[in-house]
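Structures are listed in the sections that come next.
What follows is a pair of complexes built around chain A, which joins chain B in one and chain C in the other.
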Partner chain A sequence: MAPIENHRAGKTPRTTAASPVEDNTTKGAERELPVTGLGEETTPEPVAELDGLFVTFRRGGQAVPALRGVDLQIARREILGLVGESGSGKSVLGLALLGLLPVDPSPAVTGRALVCGLDMVRATADERRRLRAQHLGAVFQDPMTSLNPTMRVGRQVAEAAGTESEAIRLLDAVGVPDARRRVDAYPHELSGGLRQRVMIAMAVAGEPSLVVADEPTTALDVTVQAQILELLRHLCDTTSCSFLLITHDLGVAAQVADRVAVLYGGRLAEVGRATDVLESPAHPYSVGLLKSRLTLSARRVGPLPTLPGEPPDPRALPEGCPFGPRCDHHDDACDMALPPLIAAGRHPGVAACIHLGSVATTAELPESWAPAVKSGDAAPMAVRLLGIEKDFVIRHAWRTKDRLHALRGIDLTVAQGESLALVGESGCGKSTLLRVVAGLLEPTGGTVELGHGARPQMVFQDAGASLTPWLKVGELVGDRLRAEGLGRADRAAKVREALALVGLPAEVADAKAAQLSGGQRQRVALARATIVPPEVLLCDEPTSALDVSLAATVLNLLGRIRRQLGMAMIFVTHDLGAARVVADRIAVMYLGRIVEIGPAEQIVTSHTHPYTKALLGAVPAVGVARSPLRGEPASPLHPPSGCPFHPRCPIALESCSSVDVPLVPLGACSVACVRASASAPRPKEVTVASVT
Partner chain B sequence: MATAEPYLPPSVGTLRTRVVFKVRRRRRSSAAIGDRVAIGLLVAITMMAFATPLLAPYKPNLIAGDAFARPSMHFLLGTDEVGRDILSRVLFGLRTSWFASLEVIASGVTIGGGIGLVAGTAGGWIDDVLMRITDIFLALPGPILAIAVVAALGPSLQHTLIAVAIVWWPFYSRIVRGEVKALAARPHVEAARLAGAGRVRLALRHLLPGAIPATVVTASLDVGNLVLTLAILSFLGLGAPSPAPELGAMVARGLNYLLQEWWVPIMPGLAVMFLAFVANLAGDGIRDLLGMA
Partner chain C sequence: MAGLLLRRLGAMVLVLLFLVVVVFSLERISPTDPVHSFLGANASKAAIAAERHKLGYDRPIVVQYVSYVRDLLRGNLQMSLRTRRPVATDLVAYLPATAELALFSLVLAAVLGGILGVTTAARFKGAGLFRFLTLSGASAPQFLLAELGILLFYRRLHWLPATGRSSLANAPRGPTRFITVDTLLHGNIHGFTDAIGHLILPGLCIALIPAVSIGRVLRSSLVSTMRTDYVRTARSKGLREVVVLWRHAMRNSIGPALSMGGLQVGLMFAGVVVVEEIFGWPGIGLYTYQAIPRSDFPAIAGITLVLGAGYVLVNTAVDILQAVADPRIAL
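Moving on, here comes the complex of A and B:
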């Protein structure tokens, strides 16, 4: 369901009656963002209102309902967080408000989607376009595809804003540094975070009444995500815009939204003030989502609480409560009819559940893991990396080349049975390091020593893409048995065993990857990696492409299998919450170097490196004010001299830009920071003469 | 969606035994009916080509009646300058053209596909060498090569086909190499390599099947092209020698009679057109059905 007018999100220049000449002279002054008092009461009349909205697509002669009777209001100057998993209908809701539902084939729509008094469902294309131009803005997930790659960003923003000077003012307002110069850049010359800021500048141009932001931070790094969320909150507070923030992550919504609406199976499950829903959720689905969220305080000693099952298939929704098949409180009454939204009881909001009173808020925790496998100095090593360097040569036209320094002197030892998490932002080299260990990349320098077991296996980020699409699962999983010289029947038996271990029935062996759901594909990938247990299992962000409710399940599965088969594990993630849960030790990487490494709990609670602190600070959490790290990582083409982190570091000293910092032991951890030993155990950012 | 999850609560235990897979749906539009008709016609032509000896009313070289008989119930497309039945000769000519085209395509796909697969899988200098060889063959002028081959080996259909096949495979080599290269960058190939798949297995099981759709589509769109090329060569006298029923040669010999006995050159000409047209339609149809539009 790609939005049709995607690269401009339905915007036309907002030059209404004024002539272009007048525009140039007056607009800039007129469009000063009004600084309105925060204490002001919000207007009672909502900006947007959904009234019994049904949207049903037809695919292959089958009705596929996306929304099934949604009533929702967005008040003036609020951020409404719309939370739901893939297939819940959240994006369709956003498109309906924008009047951008697909046209060919168009879905059957009943009910109303009012924006500023106009029904975006019934209005003519012309009316909708005019309303979009005046009152709506949109931000989509991938700014690279939403921006026109052939146009300078300044012109694109000016198209929405009216004038060049207004464009510069907007880019300034959304925090694009050096906006006057950046207007001449093409989208590909900007980083992901800056591109998203440009999109936001276009969306808020002319102060629309409502901005629909559909997963605006999903493609961004955690630290940049925190910046963008802060920007949305700031824009909402200082302008008259309302925001609909569509996200799959309750934590993201929690961080900035005033109210939260939880969508499940095309119906609202719960609506309420953000703090209420997050602190005392009423609907079992909200409860489950919150329980299975990976927070920095999640339990580490045993499996995480999970939501069983998978999100419903929109083609085969249950007649009663859509959440019924996954719910602990499910009984026959739930299947009789769709539950209406009723007063939640626990908070002033509403929830759609007939057992609201009896929903348990505290999970009974699953049993603990078996005692951890021996680790530390005593255990023999599974992987030892010495001084690993990896450069990529980037060739340009006319035979000039650049060297991209992906890894710069990595020393690392992983003991047998130990689990290590590599954490860092994109471009820090964590995936490259994983590929070097896997033997998929030759290091430019240094040595990789492996133990004597089977060679490392890997679980990829996109499990679907890692399975050859035209081969059956049985053949894929059995691939590694060919070397063992087993007969066909023996192989089939082994494949069944491996599938059973990851919780898949034997029939899956005859399916192809495209016929499986995301969770099933990830299990197949895991079965393939573990059919002959490797000494080291490498995981490249295996949960980042999965729905929130499935991620915990997959992490539990990894934890169980790793312990059962006695494998060591190297787990790459950008999410410290996940790292803390799966790993015994955490290594934090920045621009090709390990900047801090130590026991997981220590890294989370008593870290020393300012970058670790920044990463932890960016993890979205309920009701915690954030002070996100400024800027984005430097390019690995030209890593900064000295400490790679010094240009962003809040506590950098003059010497940080020139002196190379080695990793030095500090308590249980090792840290590469000159300030670490000086102000141990934990530097406060009280000071400092910064070097800018 | 019910999956056999070991963690399902007891309330949905009944669903455990059932695995519901997502069914991927092929896009079907009204245009697909036209595609099917075209592909049906193609199949019909192929079957006709096999059954030509049974369908043709006369032997192709038999003098069945008077010279220059007009099309009639007796001779549906008339007779030629020596009294042979044009319908029978056209049917045999279609058969020859059709099989010859398929032969050249098959050899092109086999040779080109093999070279492309090796080049795309191996990469490095092997890729470079194979692709430069391909470039050399691409630079050969087809008709002139055909004339040279025929001049050297004597006129015969087989010699013409060899000449055409020599210039025809490089296309397929490029297409297969391109597809394989693109596929090789996809994660599933890296995953297969990590799972210990050898070079041969990687090439044949994890790469080649992915290149098949693009190759089939190209080949099916190419058949019409080839029918015309072979007809032109035959028209220029680069086919089987005289009495053989070849469409191009029949047009060439009949040209003298175009004004009075028009059916002698026109009927085989129309047959060429029809064959190329159906081949192109069916090629489009196959492309649509494979979803590669």
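Moving on, here comes the complex of A and C:
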């Protein structure tokens, strides 16, 4: 990656650059709130400063507050991580700083949002536009929809950078390979990671003072996410930009941010140095968020610790502390008034809680699961896949067509009552495999054998979209009972039972999907799938669209129900943390093949395949330096010969590009890698390795 | 691109063959006897029979069809029963006037529709009034609109002529047979403005309804484009709103409006028949208007073929334009 020119204090490694920045920011917070009690006022002006910012939308004649009095500074050359769940107001805060709040209908805004000395609340549209042109940049979540599909990317970058040559230099600097040629590409011709790099090149064009990055990595694969985060850190260290990194994932913020601000119900819950907030959180919400995070070391013998309840409804926020209804430390005093930000005590930052002293950092652990179901050859099988191939034919104009090889020879057996996670980046074929098992797709080759019992049932990622909007929940859930020939009363009783099993009250049966929250909808989808308990439950990323605090609850629910009903489960996810928690075994997929499979704990702790290692290495975590895998998966249209992973593999041998590698047992796992281990007595691979 | 053109040419041939079948079937179903009207009311039975035989009307319809298509391939569209000239000759005489009017109306519809769509989407001042005028214009039947236009702009205000293509005594006849183009080629500016003046009223009558359809489609697609993430990105770069609209939103919104424009061409051809009759415009519409009551089937078949070919050509052009506007569409 070429360094960005014209930097003022570049070449300073992060570790040394970080400390003065952090000092500035705590002083910034202190100016507002003397309680934090830290030194003198020699710091430069903050790049951006929010001062009592209120933003209130009106929907259907009802006030919907998004931000309720936010005070926050962003110092020069820092990355401020703004963490919050959906509805917390984090994106509205970003748009307010950009002066891009919606205009029709426009929200009521009070307070100040100073950026480089201009108040974005009161400035005219033209003043805001000029400021954006000179001092601001923005990176949004989905790089496919955020780039103009009909304009060459070079021109889009040049619009912000001024000239074509500057655009090439920027694209080069953000790590777009062969930038001189890529300027002529349209966005759809680039991969997701490259598109996001183009967005970032656009955002940092002209060295803005502040770049607002709203969930810049949420739509990306975990290995690409790690690359993009590394790039943001690098840009912050080598240029004069500050970054506001908006994210729902504390882990992402932890990875690169200097400071972290936690937003809840439109109010700041806690602000402090990233290491402080993540290592010794003061606010009960931060504590709960951190505990329900799916890390690679989370306890997996019992249910995960969760935050009770759901994020607040912005139309009906409590008068006092917005977190009150979900808080263990809640008492009458909490409901009296909104808690102000006060010295956190545990760290030099601030937190908004009146019970800071008594907040426990570790809660007692919930009970353990019943002993896990034994997997293995002895148990009767629920699903057996043999040599599954699946090709998709892509037709182009004028009778040309391509074959997309989604699955290439998958052998897999899932025992009754066993839980298996399929893990891999987008395009690896994991969802296709799930649909083949469900019978939604006919495999091109190979056989699917199912055990006895009801056919597999699926739970999808977007629970909202998978529920028919005009049907009542009771009808949706009870649909599969019709085949059973039950009477109306029996059906209603069964529906109540199924809803109770997923923790929903019986009244939900009369509601429609739109009246439910995201977590409730996912529960309804689960009730529908389990009302007639299937032998196999298929889950396609059921938690990836949910907020962090709800994901753990749904995973717990899945764990409990599958044990209670004795179902086998195949769980597709890109999140190794979630896979480790829900699954007995994990299968890692790459370009239509299983490259490693084995007991969950072994895969996480003692894996052998370099791709598994790279995936695990890319999972964001607190206080761990990452060395992301380079590049992106090859297109399944033209999978590489030999080992599909060899073009990105750090330990590839010359022979890897030609020799097809089968899945070979190695200890408790099976691995498809020539270099898996010299200890395993596999003469053929060893000779290949030693020859080269 | 070449593939698309080849496929479209193939499709056009199929469409034209099918159109001929339809016209021939209509001729068979029709109760009026073309030979009867050709010879007049007083012709004797024997004369009619002789003429029938001479014109080939006594042969089976399939044979007539095959011989018609064979002649067609040689460029022979048969004799018109009314004008007693080859239909091909008539079409060459009448077509340029219609083509000029249709193209002018098409451009007018695109321009008016574009203005309507952009102004209402961007909420410019005066957009409401413009929208009111075009909408009310489009809700009136064409003949009423034409009569009102003539009454107001010709009789009362004397701004525009009411009939014909030109007021010139010796309008140029070539090389393109489009009076606007030919006058310009001859450097006759007065003749050019005069020809444009003649085009405005009939052009407006034809263009208003398509303009409103195009405008509404363009508006709704512009409005949804202005809410997209990439427009937000463009705004975040600090681009001026006009630039955002023109450079980022327009090209992404034009597709549905182009499709709508292409579909409206069929309606415009229908409108041409009425409007040419009212404004005495010496074009295909007038020719059709006179051919129908005389059951001049060779003429009707020729007109149908020409209009059908025009429709397919315009829609092929629309497809190409769409691919030019959106690089994701592969031709």
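Keep in mind that, in the parts below, the second predicted complex is superposed on the first by the 634 of 692 C-alpha atoms of A that agree within 3 Å, B and C clash if a C-alpha of one lies under 4 Å from a C-alpha of the other, contacts with A are read in each partner's own complex, and residues count from 1 in each chain.
We take it that a residue touches a chain if its C-beta (ideal position, glycine included) is under 8 Å from a C-beta of that chain, and two chains touch if they have at least 3 such contacts.
What you see is a predicted model, and the numbers here were worked out from it, not measured in a lab.
In the model built by aligning both structures on chain A, chain B fits alongside chain C without clashing.
Once the two structures are superposed, chain B and chain C can be ranked by residues of chain A touched, with B on top. Of the two partner chains placed by the overlay, neither chain B nor chain C lies in contact with A:S635. In the superposed pair of complexes, A:T150 makes contact with chain C only, with no contact to chain B. Of the two partner chains, neither chain B nor chain C is touched by A:T56.
In the superposed model, A:L98 makes contact with chain C only, not with chain B. Touch criterion not met for A:S606: it reaches neither chain B nor chain C.
Touch criterion met: A:A160 reaches chain C, while chain B stays clear of it.
Once both structures are fitted on chain A, no C-alpha atom of chain B lies closer than 7 Å to one of chain C.
Interface of chain C with chain A (complex): residues 3-4, 228-230, 232-241, 247-248, 251-252, 325-328, 330-331. Those residues of chain A that touch chain C in the shared complex are 98, 100, 125, 129-134, 136-138, 140, 142, 145-151, 159-160, 186, 188, 199, 202-203, 212, 396-398. Interface residues of chain B, counted against chain A in their complex, comprise 1-9, 11-12, 15, 19-25, 28, 186-197, 201, 205-206, 209-210. Residues 59-60, 306, 308-313, 316, 325-328, 330-331, 438-440, 455-458, 460, 462, 465-471, 475-476, 479-480, 482-483, 503-505, 507-508, 511, 514-517, 519-520, 525, 528, 553 of chain A are the ones that touch chain B when the two sit in their complex.
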